[in-house]
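Heads up: the structure comes next, in structure tokens.
The chains carry the letters A, B, C and D, assigned in the order they are written, with residues numbered from 1 in each.
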């Protein structure tokens, strides 16, 4: 591999890492604050992509579709939290795994009832289509744009977590519910909002990925498992960890494919095992 | 002064930026009741947690007889003959009293990696568990599920479980916490009985009880040792009076 | 569904009563008598849930439509369909197959889509003489290769068939080197190998074979690799959502205009709209093209659209031809499908002249001998360019019957 | 832990029904019940972790599938492998895998444990999925059931479906007896302690990590035994046997039946088998939707499963004191 190609592969890894971060951050947020394992997060990602496709069909504009889609996902997340998730707070992780597993089944079938099992696509907006030359090849503009958006979201989260009341609660962690309540905060409302935000974030990832990946049934399954790997590596509940984990996984996956294609799909799992061997709570996880 | 049974040397524990136990060196002599007192947040429970291995120290050393406890895990420390009770009742709520004590008693078998013979058939374990129940006064309640008992009884069970491991040294973390007068009196009597053939390290807020049972007292404030001495010395110590007994007590409890 | 079951039970009861009667009279050979009265049982094991439900539905719909058009009877006997959702699950395949064979006692077993399930079914079929299995999709070479058996037929294709001519085509169009890329699973590996072999017959050489774990759709690293390798062309096999994403990524990486892309027809089948301009101009080879100009195809497409409100696709063609094959065989034995050996004899030598994909015939290994067409996507539509390979027969390596 | 009398009577009746079933059931149903009994063993093994040790493993199918693959590898193309060779090797192989995975996993707890077991199972999944020598994603055949012979004398003919049925039934009973013995033994007391309150069990002098690891290995090995039976029965092993859906389903079976009881998971396996069939009849196109609703309903209304429901009903009647 010559140096230019190497750099481009690094870019590929980082770029992939950004898209993973977007999905993983919502997952880690939900766990960090609420202590809920949400297996349906991948299904939210898929639903987001389908909503984007649907709204794009109506509005003919990706921007409008996404702007309208985010509140829909937020409301959708809110409804799910009230109807299903809210009974799980005092229950064992086991039941969270099961219930959200049940949600996956339901959401997948709902998707099929609403949109059928065809696959669709959302075109890349004119201004962002095309590619720019880079070394011996060209790089798609939209991918760079997605990275940029992810960076903005990451920066936004950094600010929110560092400067706001919500962020303070995230830093305090779910383990210290008494403290949060002592601050006079209605915890059940916070949970509902956080869950909805997580759902919106997952949906947003699906929407912004839709032009890249096309929209198809089961598109959330793969991303779910890999997002879990990301947040376990980074430390569950830590947004900073999710960022670092996403970058590591993105790079490991990219270079695994190029350098050890025979074992490429095992590379990230091996990475995860190694990290956990060194730090069982993940890179930035709290010791419980 | 005889060789101490347990001693800490420049022991340290910090959580992030917060130093909970700061450069603590204490000798605990055999066959004595050694009480540790101090206001809330003085680091007493953290100290117990370090001694029992529930928490690893950040710095310093702990020695028990010839053993260096510093790197040891809680189970290994228990196996050396140090038992502890918890300030917050920490029992198996769904188990009966006998089952609660059974596990402690069973831990003194060479190993519990035994898969076929029913646990019930191990008579020596049963004997140990029943003795522990008798000591803590719960023989009658042997088959009662722990969660169905009164708070005071659960506190007694807390001590019983520890006794089932037949420890040589007892770490008692506020055994009287939340108890009524009658119940307190019973537990104080129990501690006195245990003190005859055990070494006891006691954390307690109830000063009457402390001065009634303790041979030696250590006063801790802000993670540090303020003074150590017999009850008379401590009572007479002006620093202690200033820092704790005099003005601080109402706030502390 | 439950209604179906009731009527099924009803038929069985009727048949049983008839059996008693006939046995008592004992004038007519009982086998034929039952055959004349009782419905023929057609078991279907296809995916109806999950990602591949579309395939299962297309096949089932078209097959039933074909039989319905012929009067809804086979060899004069009514038909009783028993459909089981394969869930695309190999672990459940033995049980599902046994359910149809042992419990439902079907005469014909139609399925599956997934080649792992096909292998599991073929294994069970290989150990018994009845029923007769018809594969309406799964392309695994093994089914009509090492696993071939007298009672296993296929109406679709072998993975070798649509891929090999694609490789030859690349050579014919003057390319010397290529990169092959696919998912690392049965169909992907077999198609990649066939394409490479076809390319090799023209003196072409694959400089790198890239296999991604199924169903990973993160292609970017490999596209950068391809850009760095600069081959003359790329031979790719993906399908469904993965195919759409690959085409779009390939275009976005600026490769589409520099390094022409080829592949088996599944690469662009059904994704024309979703892929948009990314699919435009890509040449593929397949045993069907939607704008094939023959009477059967026009009628089939019109009927299908009218009946189901959706365009017919290659899978529905395969289902349709499965129906044709069943009708032919049942008619030839006068409805006596219990005479398995006779049915097999008929099917073995059968020709399907009125298929939407053009006429085809059954090979000795029980796989269609069929034309492979050269197609190109233009303006979101498949355009037929011609025949890439005429009456192509799978080499059926490892089949003892061939 | 000693089963109460009504329960004992129920279990014996169920056993009698299972034993008599081949006399009346068709071959297909016999095959189905065989598979459900295997599922029962598999679920029981997971229950040792979830219901008795408090370890929520989300990768239990790894051991089930690994053992099946080992059998597939050991079975020659043109004849059976001796059970005396195959079974010990399959069990040893799974035990070893469980030891390695467990060694990593038991250092973590809670959600990390769930996730790391999932990750390891995924590693196995991808390994088999991509190993073309082992059939890749299509899976691999086991053409012959293992032979059970002593010298030249054929002890059991497992290729006979009746014999195989009783072989699996005997395996189920044996697994039940074995696990209930383990649970009553000192080891069982310790893992129950760990489930109830791990910190306290540690403080009482038990190296809980070691006990969790041993429990993990026992459960993994038993799952391997179930996988060995499944591979013999179905004749095929595929990566899907190790996938996270399979792990999810067996977890569901345990909860549905009632975790923390040994008969619960077996009940769960039968209930689940029935429900899948029923839902498919009800709404063939979207039966998974019904399954999803059902899963959620169980979580909400039946957290202790069928076994818990039975216990509750009996308590409700004001029946027997504990």
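Just so we're on the same page, contacts are C-beta pairs under 8 Å (C-beta built on N, C-alpha and C of every residue); 3 or more make two chains touch, one makes a residue touch a chain.
Note that this is a predicted model, so its numbers are computed, not measured.
Participant: Can you list every chain that touches chain A and also touches chain C?
Facilitator: Looking at chain C and chain A together, the chains touching each of them are D.
Participant: Counting C-beta pairs in contact, does A-D beat B-D or the other way around?
Facilitator: Result of the comparison of A-D and B-D: A-D.
Participant: Would you identify the chain whose Cα-based centre sits farthest away from the centre of chain C?
Facilitator: Farthest chain from chain C, going by C-alpha centroids: B.
Participant: How many Å are there between the centre of chain B and the centre of chain C, using C-alpha atoms for each centre?
Facilitator: So the centre of chain B lies 74 Å away from the centre of chain C.
Participant: Between chain A and chain D, what is the gap in Å from one C-alpha centre to the other?
Facilitator: 33
Participant: Centroid of chain B to centroid of chain D, CA atoms only: how many Å?
Facilitator: About 43 Å, centre to centre.
Participant: Using the average of all C-alpha atoms in each chain as its centre, how far is it in Å between chain C and chain D?
Facilitator: 36
Participant: Two or more other chains touching the same residue: where does that happen in chain C?
Facilitator: Answer for chain C, listing residues that touch two or more other chains: 49-50, 53, 211, 213.
Participant: For chain A, write out the residues touching at least two other chains, lowest number first.
Facilitator: Chain A, residues with two or more chain partners: 108-109, 112, 265.
Participant: What is the complete set of touching chain pairs?
Facilitator: A-C, A-D, B-D, C-D
Participant: Which of the residues in chain A end up touching chain D in this complex?
Facilitator: Per the touch definition, chain A meets chain D at residues 31, 37, 84, 87-88, 91-95, 97-99, 101-110, 112-113, 225, 228-229, 232, 236, 262, 265-266, 269-270, 272-273, 276-277, 280-282, 285, 288.
Participant: So in the complex, which bits of chain D are touching chain B?
Facilitator: Interface residues on the chain D side: 181-182, 184-190, 193, 196-197, 199-208, 211, 214, 322.
Participant: How about chain A: which of its residues touch chain C in the complex?
Facilitator: On the chain A side, the touching residues are 1-2, 5, 8-9, 12-13, 15-16, 108-109, 112, 116-121, 123-124, 129, 131, 133, 136-140, 142-143, 211-219, 222, 253-255, 257-258, 261, 264-265.
Participant: Which stretch or stretches of chain B touch chain D in the complex?
Facilitator: 52, 54, 73-76, 78-79, 84, 86, 90-95, 99, 102-104, 106-109, 112-120, 122, 125, 145, 161, 164-165
Participant: Under the stated contact criterion, what part of chain D meets chain C in this complex?
Facilitator: Where chain D meets chain C, its residues are 26-29, 31-32, 35, 126, 129-130, 132, 135-139, 141, 143, 230, 233-236, 238-241, 246, 280-288.
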